[in-house]
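As written, the chain order gives the labels A, B, C and D, with residue 1 at the start of each chain.
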């Protein structure tokens, strides 16, 4: 068994430098790598390009990096719910590339799987298609999209083992599995780290081969963005 | 009388057929779930990675790890499954989802839709909307017929940046049910008490009116 | 919950006709849809095109369809271990298209996911690249491969529920998940069919949305192709 | 003296480094697993969908659902995982596998390899070999230096249909360890007791011999 554990979040981020491109898992605030984000804030690295479906909220998630103006460019599908983001974007301080959500996921998955480019119908006839090759397949127009390239991928999983195998929980799975192995160095943080052999090999969502460094996160706030409930009848 | 948002949702629920997998957008579409008739088996897909969405959780049972695409806490029903974002859009792009219901800022008579950007003003992003409209074969738009300034949202051509081209099949607004045909907006039903003339006036695009137009049953 | 169950293998194959294209899961004899194959033999349909990694052995798996000359064309990555296959191929009775295994898997996955075409480095500079578009990405040559189109996909899973959700076991998983939803009608047979709600939603390998018909197979022989063991020391 | 298949495997095992994920082809490569030095942590990937392959099962414990790419019954080690074929080749194509060891019928001095087809004679198919050789950065070929007719398998150009172009980095044969360079086959090591002249004679492609050539340690 190859041991992928690192002792701390500090060690997990070794080699991270200004100007790098990062993939960050999560959908809204669900399944975001809280400990890695906190460490990015602490390190104070700047000029980052972040590939992440959302940009957090003002005071949590990637919003924390926006506050410190650590991010130069965001590549996302949806960036509402964040006033500081909007301010930086409209003022031109922040560069933003909006990508259809399915294309975002597939461009990550393509990077993971060694597919340099693929065709998708999403975005044809819109701003997203500008400058991209268009081609018909089965009588329907498609555009060519390319795999992302990133230096680090930050992943949050539920359980993990020392071999780097990961299991996600509920919809906190989202972009996390497709970003594993899609960057040069994949850092996974987990709520519970167990010895290799404790997870059922049949129920592992992501094999350790896609994960370079794994550690157990110190604590998780797991903030809820929209708390919706019903009354017990 | 113009329909309430709930009534729009109720009317759209009539389009939901037994055995459909349905993706609901944020806003009015979310309400559709409350009006699916009994005896109809439907599963709701949320593009952030769940099929078989159930109602909101009881207070105290919210789980930050179980949300829908609107980031609301939800529950799941028996037979539900969780999956990653690539698989989720595989369901969408691969046309495994039978019906997509979403909101719009503008719809054009050729089926174009704009719902993600107002240049210089509002740039929240397209989320999954571009994938949904480019892929689905059966797309219903739920929206108000006119904007707050009273201007028509059913246009000859969209003025805002497009989300997708030639893709919308039906619009259910507070005034009417409209099918999008090769020749333009075809009026199918009127909101109770709303006249064809009122709908005509609120519709900038070509409105096709053939024969008697029945009132909606809502 | 949408119920995807059918009463029998007979009902599961409703609509199957001569000349259709079928995807068939399995690697070697592991994870093959034994009951569906038996029913195909019984139906006697002919002129089939089969997309399957292997072609079975002489007297089991797809070899049974070859015996009855029901297959017109095989699309596979590896077809050794089958004398009748070799005879039909060399005599020209059987049309064979050999596809690199990863490309085979990805062309299925592309069909499932609505990706009409993608670039891969596999096969560049070989017979496989003949007639295909070539393009460089990142300084490396790739070829364009297209999604498969098929009428039926026959899948074998370990457990399934009435909603069509599937869980596979061990390496019997192989091509089965990537073929789900990659054909017009996906038929899944399972060793154990349980009511919806009994499987953990977090541990489902394939969502029911990718499966049109599901049934519990009557019996499984699960033949072992190469029985290799070690001596207890 | 020409190496046995076991000795070829033993010599190749020296190329396996700590922390490597390794894909082993059928034949000689399979034997490498027996010679990985102690203290080296390695995981073996089998392209049919398992990482962390262990030894063959004890008699009576064979499971038809747990096999390797050679269709042999196997076991798994702690930390193992199962996955589908698309994910498996994602590992391979995405260059997550560190080392690929496979057999060949011919290797050319420019790194081309042929190992899947003899026209009109043998057509078993390429299996995963084309994906492996097109993707991996570190590919070692394990083979006999000459065929049964005594003809060299290390050629100027392959004569059989290619599996991949310009991809092989090293060859370990029964006679020699050879690195493939821009200028041709570079002789690194000799089998014990085998002379440079014997290797030269058995090599049709350009053989580069620089300085003293040491004997292999097997």
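Note that in this section contacts are C-beta pairs under 8 Å (C-beta built on N, C-alpha and C of every residue); 3 or more make two chains touch, one makes a residue touch a chain.
Please read these numbers as outputs of a predicted model, since none were measured by experiment.
Undergrad: Taking each chain's centre as the mean of its CA atoms, which one is farthest from the centre of chain D?
TA: B
Undergrad: Using mean C-alpha positions as chain centres, tell me how far chain A is from chain D in Å, no decimals.
TA: 36
Undergrad: I'd like the Å distance between the centres of chain B and chain D, where a centre is the mean of that chain's Cα atoms.
TA: Using C-alpha averages as centres, the distance is 55 Å.
Undergrad: Counting only Cα atoms for the centres, state how far chain A is from chain C in Å.
TA: 32
Undergrad: Using the touch rule from the top of the page, what residues of chain B touch 2 or more other chains?
TA: Expected reply: 50, 82-83, 86, 89, 92-93, 135.
Undergrad: Quick one: which residues in chain C touch 2 or more of the other chains?
TA: 106, 109, 113-115, 120-121, 168-170, 201-202
Undergrad: Name the touching chain pairs, would you?
TA: So, checking each combination of chains, I get A-B, A-C, A-D, B-C, C-D as the touching pairs.
Undergrad: Please give the residue numbers of chain D that touch chain C in the complex, ascending.
TA: That would be residues 46-50, 55-74, 82-86, 88-89, 92-93, 112, 117, 120, 123-131, 134-135, 161-166 of chain D.
Undergrad: Can you tell me which positions in chain A touch chain D when the two form their complex?
TA: Answer in residue numbers: 1-3, 109, 111-115, 161-163, 165, 181, 195-197, 201-202, 204, 207-210.
Undergrad: Can you list the chain B residues touching chain C in their complex?
TA: 19-21, 41-43, 45, 50-52, 76-83, 86-87, 89-97, 135
Undergrad: Can you list the chain A residues touching chain B in their complex?
TA: The touching residues are 27-31, 53, 76-81, 86, 89-90, 96, 98, 100-106, 108-109, 120-128, 158, 168-178, 205, 222-232.
Undergrad: Quick one: in the complex, what on chain C touches chain A?
TA: Against chain A, chain C makes touches at 106, 110, 113-121, 137-138, 140, 142, 146, 167-170, 201-203.
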